[in-house]
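So that you can tell them apart, the chains are marked A, B, C, D and E in the order they are listed, and the count of residues begins at 1 in each.
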Amino acid sequence: MLTYLSNPQRFMAFSAWAAPLFFAAAVIALGVGLPWSLVFSPADYQQGETVRIMYVHVPAAWWSMGVFAFMAAASFVGLVWRHALADVAARAAAPIGATLAGLCLITGSLWGAPTWGTWWEWDGRMTSMLVLFVTYLGYIALWSAIEDEEKAARLAAILCLVGAINLPIVHFSVEWWSTLHQPASIVRSGGSAIHPSMLGPLLTMAAGYLFLFGALVMMNMRAAIFRRRVESARARGGEA
Amino acid sequence: MSGSGPFQDKPSLRVESLTLKRGERILVRDLSFVAAPGAFVEVRGGNGAGKTTLLRALAGFLKPSAGRIVFDGAEEPSLTMHYVGHLNALKGGASVRAHLRYWAGLFGVAERDDEALSRLSLAAQADLPARVLSQGQARRLALSRLVIAKRPVWLLDEPAAALDAQGRAVLAALIEAHRADGGVVVAAVHEALGPAPSQTLTVGV
Amino acid sequence: MSGSGPFQDKPSLRVESLTLKRGERILVRDLSFVAAPGAFVEVRGGNGAGKTTLLRALAGFLKPSAGRIVFDGAEEPSLTMHYVGHLNALKGGASVRAHLRYWAGLFGVAERDDEALSRLSLAAQADLPARVLSQGQARRLALSRLVIAKRPVWLLDEPAAALDAQGRAVLAALIEAHRADGGVVVAAVHEALGPAPSQTLTVGV
Amino acid sequence: MSAFVATFKRDVALMWTGGGALAPVGYFLGATMLVPLAMGPDRALLEAAGPPLVWIAAALAVLATLERLFQADLEDGSLEQMLLSPAPLEMLVLAKGLAMWCVVGLPIALAGAPAAIALQAPIELVPAIVLSLALGMAAFIGVGLVGAALTAGVKRGGVLIALIVLPFFAPPIIFGSAVAVGDAVAAALSILAGCALGATALGPIAAAGALRLQAE
Amino acid sequence: MSAFVATFKRDVALMWTGGGALAPVGYFLGATMLVPLAMGPDRALLEAAGPPLVWIAAALAVLATLERLFQADLEDGSLEQMLLSPAPLEMLVLAKGLAMWCVVGLPIALAGAPAAIALQAPIELVPAIVLSLALGMAAFIGVGLVGAALTAGVKRGGVLIALIVLPFFAPPIIFGSAVAVGDAVAAALSILAGCALGATALGPIAAAGALRLQAE
């Protein structure tokens, strides 16, 4: 599948129908998940209605890390096998990942105000999430600062691979520092510790985020490929 | 220069018993000469003789240890001369055309990008960032300042460096046209530029 | 080269259907040639034709889009060739002699400062910091790496830039001696360096 | 187009293609982020000590941006060309400073809002903090121009310029920090405005003098 | 003389003629000096919040020194020559990092003693602080090499490198600050040693990879 898609032509053909399909899937998942989680799911016996922020916050947290892992994998492929499409994919994913990280930070601090009585606290998880967010910014800044695209791609790939060291730190930070933030309760050894009535909407929302990410990445990639084609056409025109 | 006619006031360059030092070394001792309108002064000398030092003094960057440099018949040195040195003064991130526009603003003259581009055969590179230019293309861009700034006195330090045969021909034509308009050219060279000099100064011993 | 005799193994440079791109532009298309021991390959072409690009690819800095570059009869490229490009690789704060010592270490060869200084007529500048060197003196210092590193294949990009007549004569003599020792010289030039080339490549159209 | 406008435009364009405000603002936010990392999660301590440190981060961010300002111009020959312009060098330096304030100073001042909140400044002080940072940036840049000009010829001048400039950063930092903790805000703001004016007026003159010597 | 030794010697000599440790140490002390200025004269506050800030000053001082490390080599052609050496580029990068640690890192660690005392650290912790800074500097430099290599081609890369590198500075700062306040000193020191080792081992490899691309 991946080697099949590594050809830009085939990718364009594939994404021409896959991107709308993902988008439709995202609309359905979010269309079900949003009302389910924000209106119909039960309020928490401790936190009351504010628990609903979770359905936005937790998938954003998961996928902001997931997107970075995706970028790291794409960077590795781009660096080792020199697949131009992998570079394009990594670049296309970065702003989405940064947005998700930002969303996680914002919803987290919105959630923190009623539950912990503070907007922001420098505990391990929040700090390491902020670090991840800054890493995203650095990655994007490096891309935009280097004009030669091919060079920028490979340099950014090196940064991304080095930055991936951060991911386990974000995930395990809660255990290492053990402060305010909730430890992992869903993805952990020994089974999930969350009530099924909340798990349903949460997983639906997570799926919705994933489909949306897929659609947006493909759209960003298509735009980048189109732009590159226009540029190379112009360069050939200039040569003649 | 094409399309704009000869200079109104034709300044000449007068140098009186000039002495220049770098560190403790005296490079130019008691040099005097006059370059009248239309003059082409060739500055000769081996590596390290002091050609660059002399030109930088004429451009006003370097204070002479003794002697004077005067532009007769000119209001202000900055409106009178232009200097193209070893350094091309390019910014890698800016396009060729952006450089020409900036220089027009900096020197307070009208924008004439297209004329400059075609004179120096840089039209195909107009939108490239300076970073990707070849050595000779960068040199052409630096020389295009002469077309843009349009000052009567030109101070050129190895202007033909990195130019190919076509580039040297362009440079020779620019110099000839400039002299015909009543301009003055002072150029440090290792090899003749083409136009016959009206005067040759040799620095160093 | 004086005092050290011809090279043990005499590698030759073989280029097979090389294609080089910068940005989207193809500069060298399907180029093949062989430079046997003693060869002097002159690379010609106008400004921006791709001479520098070709030499940087031969030096291994630039990955070819297609084709191969092989040093036949050599253990390792880094022990086989040396490159002197447009940039002189000098540090303003270090003295001329400090550069020579550093290069000897960097290239893993014996120190021979005095030989290099006298070959390039830089003895008087030995203790000056590179910052104060004139353009031509700086170029001589860069060329002195050829004497220091003593590699069999030389890749030279406009080596005579900024040199005076004496400097060009020195360069010509270096090249002749190198060829006599069985070395290979590939040089991009706008004007003949002196020694008759055994082969001329023209890049660009 | 006057030389002033041309210089301003070029510098804005060059900074913009070089990544714009993203990097300086990132530096600023990154440096503020380090503060709580270093001080640990003690909330009360951070509340007391945090907000003034926004000013230190801002000072260091602008410093990091300043240092290559004239060094690049000196090395590539652009400075020589600026000297050949009929416009006085002081004007051109002012244009460069202004460009830097627009592309770097103002965004950092705005980023001061989230930074101050993260360092536990009272929310009602945030507008005053942003305003004070905007003024302080002008003062920093005015002084910084002189430092950048003095060190333009020095390789690795980055730390040297800091050494030269930091003492002059002290007054804006002192009064700016007063704003950040809500101490005599109006008075501090007017003093900051004075610093900004003074530095903007005198900085380019001193910087131009230093640059003329650098070109020799 | 091996290429490693030659590179080390040259870099030490160049940094030395460029002012040596004077400027980075001055930057470091200058930045620590700004802290009491910003925080005001409250002694108790300074005692609580001050010592960890030594680490921020140290991180920023090394950052300011790092940024031109490879940029100069790229611009003047020295990088091409390093690539022509028979020695692997990784070794040469390591030599440059080591030189920087000797000329800049170690002096800053030593200057950490007066700085920590000025920021009211308990006197008996000073040896541990100096040791921790020496280790932390190695970690900073190892990571910084990668940042410097990634941004070598970027004009005004100074702030970009900071943005890239600061997230990786977080762990040493967290554990270093723990040492500065006397928190589980032995454990923190061993984690710092781990950071230093990891960064020194991996930094040059990633940096060399980036530099090869820069030379294209």
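Throughout what follows, contacts are C-beta pairs under 8 Å (C-beta built on N, C-alpha and C of every residue); 3 or more make two chains touch, one makes a residue touch a chain.
Here the structure is a predicted model, which is why all the values come from computation and not from measurement.
With centres computed as the average of Cα coordinates, no chain lies farther from chain A than B.
When the C-beta pairs in contact are tallied for A-D and for A-B, the bigger tally goes to A-D. If each chain is reduced to the centroid of its CA atoms, chain B and chain E end up 45 Å from each other.
Chain geometry summary: the mean Cα position of chain B and that of chain D are 37 Å apart.
Chain centres here are Cα averages; for chain D and chain E they lie 23 Å apart. With centres set at the average Cα position, the gap from chain A to chain E is 32 Å. Those residues of chain E in touch with two or more other chains are numbered 14, 18, 72, 75, 154-155, 160, 163, 166-167, 170, 216.
Among the residues of chain B, those touching two or more other chains are numbered 86, 91, 93. Under the contact definition stated at the top, the residues of chain A that touch 2 or more other chains are 127, 131, 134, 137-138, 141, 145, 147, 239. Interface of chain B with chain C (complex): residues 22-23, 45-49, 52, 86, 125, 132-137, 139-140, 158, 161-167, 190-191. Those residues of chain A whose C-beta lies close enough to touch chain B in the complex are 147, 238-239. Taken in their complex, chain D has these residues touching chain B: 1-3, 5-7, 9-10, 13-14, 17-18, 72, 75-78, 80-87, 92, 215-216.
Residue ranges of chain E in contact with chain D, taken from their complex: 14-15, 18-19, 22-24, 26-27, 30-31, 33-35, 37-40, 42, 45, 48-49, 52-53, 55-56, 59-61, 63-65, 67-68, 72, 75, 154-156, 158-160, 162-163, 166-167, 169-170, 173-174, 176-178, 180-181, 183.
Across the complex, chain C meets chain E through its residues 59-63, 76, 78-79, 81-83, 85-91, 93-94, 98, 101-108, 111, 145, 149.
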